[in-house]
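Each of the next two complexes has subunit A plus one more chain, namely subunit B in the first and subunit C in the second.
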Partner chain A sequence: MADKKTFPINPLSRRAILAGGAALGATLFLPKGLRAQDFPTDQVNTTGLAVTDDTVQVGILHSISGTMSISETGSVQAEKLAIEQINAQGGVLGRKIETIQEDGASDWPTFAEKARKLLVNDKVASVMGCWTSASRKAVLPVFEQYNGMLYYPTFYEGLEESPNVIYTGQEATQQIIAGLDWVAREKGAKSFYLLGSDYIWPRTSNKIARKHIEDKLGGKVLGEEYYPLGHTQFNSVINKIRLKKPDVIYAIVVGGSNVAFYKQLKAAGIDMTEEAPLLLTISVTEDEIRGIGGENIEGAYACMKYFQSLENENNREFVAAFKEMWGDDMVIGDVTQAAYLGPWLWKAAVEKAGSFDVDKVREASPGIELASAPEGYVKIHENHHLWSKTRVGHAKADGQYEVVFETGDLVEPDPFPEGYQ
Partner chain B sequence: MFSDYSLSELGAIFAMQGFAGLILFSVFVLMALGLAIIFGQMGVINMAHGEFMILGAYVTYLVSNAFAAYMPALFGAYFFVAMVLAFCASGLLGMAVEWAIIRHLYKRPLDTLLATWGLSLMLQQAFRSLFGAREVGVTIPDWMMGSMAVTDMIEVPINGIFVMVLALGISAAIYVMMYRSGWGRQVRAVTQNRVMAGAVGINTERTDRMTFGIGCGVAGVAGAAFTMIGSTGPTSGQAYIVDTFLVVVFGGAASLLGTIASAFSISQAQSILEFFLSGSMAKVITLLVVVGILMLRPQGLFAMKLRK
Partner chain C sequence: MTRTSFLKRDEAVGLAILALIIFVVFPVMLDDFRLNLFGKYLTYAFVAIGLVLCWGAGGILSLGQGVFFGLGGYCMAMFLKLEASTPEATAIQSTPGIPDFMDWNQITALPVWWQPFDSFALTLAAILVVPAAFAFVIGFAMFRRRVSGVYFAIITQAIAAIVTILIIGQQGYTGGVNGITDLRTLMGWDIRPDGAKTALYFVNGVLLFVCLLVAMAIRKSKFGRVLVAMRDAEDRVRFSGYDVASFKIFIFCVGAMMASVGGAMFTLQVGFMSPTIVGIVPSIEMVIFCAVGGRHSLMGAVYGALLVNWAKTTFSESFPDLWLFGLGALFIAVVMAFPNGLAGLYDDYVKPRLPMRRTAPATQPQPAE
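Take a look at the complex of A and B:
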């Protein structure tokens, strides 16, 4: 972890702390009571963004229709919660956030078109959005052309570092390496069977996993294979796994295939609670378990940075607030929490920069710290990803994970890992 | 790749792999039977077939919740009630759709493709509004999950056996209806010559509606059964539609026997290839072979004899 001294609290917020006095609330990231009149609009907005004396426009760009809405709904909910909380505390530089929500409709060209609309027509100060890598890749040229700022919540394959994106989820090494180390150390795992859906994220992730297993852990990869997205028949691969007897099934199956895979694994008599073989996944959050059914995945391990069951004060408040806003039966997965960080990180960067201008926000972003994130303390790295902890959770029948391991230090984001490509 | 294993291990694996192929075969048959009736007999390209299946899956979800809430003692048996209700729900919706949309398009069969595709989008959004965008978890009775140990090595999934029995039962029922009942005779007569069938006194409109309804109802039962092996969400039906059309077209559109033969050959090919190759490659090779055969035999494996 980098020395904290290299990231001094900026003078502006220190002054504000003095001015704001005792107004500090328990959940505050920055002090209440930054007043808009201290930050005249013509000074904090020199590039023609949609900022007035009392409001600032922010875009939300996710799929609320189409196949990806299953996953993206949680992110929209978390971002709206964060924005509502920020507004309740007085907004950003004294200005209330107004959201403009657009629907990417699970269609990548639509994402690009809506991104252009948000940046060109609405002139939003920042955008919280995207979920799949394909949608992010589609909007990237738009954000770079019109100099927008995107806060992207999903754990993803890495190999990207854009000046116009803050990645609030983990890149691949942050999610993979600590989990493999743990399973080798604690469970004595030597042999692995890698399995995934057939697209860029599982393939890149398994490539990293294979290098780490073979080069660093001295283990063996007994098989590596991919199934088309939406595949629903896994009996053949289950037979192969039975034949090769790996210590660990490393599964990166996504979407509807997930449900089929775990149900069939259980039906084939592979009881994950016996841990022979043990199952480790990086693609099943609490959200997915709702579709799979807790009883079908009980005993599996997942490697994430956040679990709903995390025991800390920030998370208890976050879970309570989320359920109050969106209903008691909600579950919160890793990406939902990462999406919640977006608005807070943007607010902190704007207030550190003392400006909404995208260039100044970008300059202020590295080093931004968030002590009260539900996952615990996080910080933005020079490469626009987050320093965060990696954790391993053990799935229980009620659909929640029990945290069995977390890294002692924050794990450095490394989107272009050397020796892993 | 087999040198490391003993003979008994190999035997067990081949037995289980053969069984995996049979399960896939049953799944294909269940998926395709409803469409074989609608596409094969009526010539309607029903792109909403997957959504009718998912309607059955959602009915199963509702019934399982109702049993869990009001009759927990009978929970183990809810699945049979669910399948009957799934048949009714999908069948009734199918009849309504036939009345509202399809019957206006019998003279323009290609347009049924667009109309039913639009219908599938509407149904998906309806599911999303009613049940939420997220997948729902359908709780399966305990006795249907898990596996039966035949020997120490061979384990057979119980839900696989269930799907196989169901596929056999429904195939038999449809065979009897189509080829041994008066209704089936009427359906075939209408398919072969609509005007003449009308002239001899068959109510062609009612026959069409019943045929479409039963095709959709069978899709609903398939959807109910698939809650055991797959996901239940607004867009889950899309995962089945390509395979379903593949099976029906490959088998020869108008032939039920063809549908079954084609389901058998595709499932066995895929399951064997999956064992030796990776899943994606298995799919690619299966599709290539199917395309190759269809180029040589465009009418499919079993076609009705036509006078050219």
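Take a look at the complex of A and C:
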């Protein structure tokens, strides 16, 4: 990507260049083979999906009402952006993507109902959707029964490898291990205090973290605690932390609890910029910081695969396009970027397979590469997760992260990590 | 069904029409997917029927019926989960043979209270006994102390919140927020294919009619009349020598058992159970089904559950951004315009115009039916 930086300074805005470039791409680079008439519908769609000579239907299934809507809205926006861009380039196998959006309403049975509706009634070719593990667990049997394809964007606990899901977020080890290695190596951390919200993802993540700290890093875990979702009183754990003086607070608090946790930490006099203790989280993206307030979390470190501040040409284009479509005040977190990958990965798999058939798309998926990903380069593993880099960001008062570390190589996804179970 | 001593003629006709709709019209008109959805809606009708008995007849407004629905659902889910967690199917786990979520939570042996759910017979018994016992404890504690009306409603709502938090907090034993998922077979019979869903729809329909007939029998019995008397003038009934609390406890337990059967059928048809179906919001929704149908009418409750859920699905499919407003408008309209729900509409506008000869005046005044 570095060679793209040699653009001469010129009077045109970068936006205009991009738009022009896209148009050029659409006319020049679109391979002849990808015109719809070269792919007769009866050949690319042998299983009765909603594919016509010039359109293909894709489902979007997220919560746009209920408690999860704040988190999931970013994913919906990213998926719609990707689909609009794909359509502007001529669609998939020459067919424009039409979206059918359903509301999971933060309610897991509703997710299952809507998933069945999308697959059985609408016959969508693929579904971009789900956010929480609970919603994914609810729709999983539906996707396996009706052989659908789900692109799931959230970083999650692993322990799953469905032939009907492409996991575009990180499984737990991808997010945890490199970050712990970094904090042990660079900051000399020896002792850790683990805490999290009480459900499967934080618990599984902390289980992996504890094994890694104790077995691989030779460190010590001074405490491990969980609080119910929505919990807002963290004073007692903060007192324990002050008493035990760990080198690192490893926090996996989610949702609204975050706001209380970081404010109370600050109020208790723990200044995270002093890094004594240092705070490392895997659950706070730029989206969450909007609720927490940048000044309350300044100095904390987060371990993700994507930060909005990433310096590369792909990401600059992505951030600009996202803000143009959805407004200048939008922020983009890790999951939003992962959601953006979904439609592109599906398009690449369909075009590699030369077919919309779910079985052929599945077969074509491993090995699919996406050099245009905002996070850099990603590749689909045999186990349906993505190879991607792990990065550590340092929270700034303006609500953005500064990237202070990234792994040299892509990290292999390992949803069933041996030695960590 | 036409025994004149039990059913009045218009009731028999009403039942026949409902049977026609559930057993003939829906299966013929709807594709597999929609039929399964309507099967899910009908599981809520069990709760609504129980609420008609408790609330419409007995004056006991429970805002915690989701708890009983959930208990039935969880009992069934535990049985199905154990069946799905064979050592072969869970070989990848640290401890094969236990449900996957237990393994993720570092639990290494099946808890004692899960073990009865290995047996289908005990599971069926539990679906009836567990909610009844729980309702008895609540009812005994409340009604003996003469807690009633809005205080009782608030307490049941608190119980719904407590049970939800308990289920979420004990995720090693209950599956937590995710619930109990990935249920596959019932005694070797795969419940996931369309054919199985259709079969379950009919089982569900038959059970619903059993509940309806039981509820009608209760309403018509002497007990049912005492219940209505209690609703309208509790003190007078008490002064007449009736043990009001026992009657209330009994009907509350019956309502809980009906909700539980609905919950068990819900698990079978939807394929999982989770705490989102137990909490305050679904419990209040269940009261809304009953209110829309007409809280005095047993059959109205079934239509109410069908209508509200159908509207929910239809609105949310057509207007994913706005559907909640549409649903809210429906509820406001019902409460403002037809306080007696669908059944009230029928009584006021349809029934007087029917050519059918009204049966002889009932021997005792009945609330709007």
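We adopt the following convention: the second predicted complex is superposed on the first by the 388 of 421 C-alpha atoms of A that agree within 3 Å, B and C clash if a C-alpha of one lies under 4 Å from a C-alpha of the other, contacts with A are read in each partner's own complex, and residues count from 1 in each chain.
Criterion: contacts are C-beta pairs under 8 Å (C-beta built on N, C-alpha and C of every residue); 3 or more make two chains touch, one makes a residue touch a chain.
On a predicted model such as this, the values are computed, not experimentally measured, just so you know.
K.L.:
Give one of first, second, both or neither to describe whether A:207 is in contact with subunit B, with subunit C, with both, or with none.
P.N.:
second
K.L.:
A:121 in the overlay: touching subunit B, subunit C, both, or neither? Say first, second, both or neither.
P.N.:
second
K.L.:
Which partner chains sit in contact with A:198 here, subunit B, subunit C, both or neither? Use first/second/both/neither.
P.N.:
both
K.L.:
Quick check on the superposed pair: does A:286 touch subunit B, subunit C, both, or neither? Answer first, second, both or neither.
P.N.:
A:286: touches no partner chain.
K.L.:
With the two complexes superposed on chain A, say which partner A:138 touches: subunit B (first), subunit C (second), both, or neither.
P.N.:
second
K.L.:
For A:228, select first, second, both or neither according to whether it touches subunit B, subunit C, the two together, or no partner.
P.N.:
Both partners, subunit B and subunit C.
K.L.:
Looking at A:64, would you say it contacts subunit B, subunit C, both, or neither? Reply first, second, both or neither.
P.N.:
A:64 sits against subunit B and subunit C alike.
K.L.:
On subunit A, what residues does subunit B touch that subunit C touches as well?
P.N.:
The answer is residues 64-65, 198, 228 of subunit A.
K.L.:
Within the complex, which stretch of subunit B touches subunit A?
P.N.:
Spelled out, the residues of subunit B in touch with subunit A are 5, 9, 13, 16-17, 19-20, 23-24, 27, 125, 128, 132-140, 145-147, 149, 155, 157-160, 226, 228-236, 238-240, 270-271, 274-275, 278-280, 282-283.
K.L.:
List the residues on subunit A that touch subunit C in their complex, please.
P.N.:
Counting only subunit A, the residues touching subunit C are 64-65, 101-103, 105-110, 112-114, 116-117, 120-121, 132-134, 137-138, 140-142, 145, 157, 159, 198-200, 203-204, 207, 228-229, 416, 421.
K.L.:
Which part of subunit C faces subunit A closely enough to touch in the complex?
P.N.:
Listed in rising order, the residues are 31-33, 36-37, 40, 92, 94, 100-101, 104-106, 165, 168-169, 171, 176-179, 181-184, 192-193, 270-272, 274, 276-277, 313, 316-317, 320-321, 323-324.
K.L.:
Using the touch rule from the top, collect the residues of subunit A that touch subunit B in their complex.
P.N.:
Its residues touching subunit B are 64-67, 69-70, 73, 198, 224-228, 230-233, 235-240, 242-243, 255-260, 263-264, 266-269, 287, 289-296.
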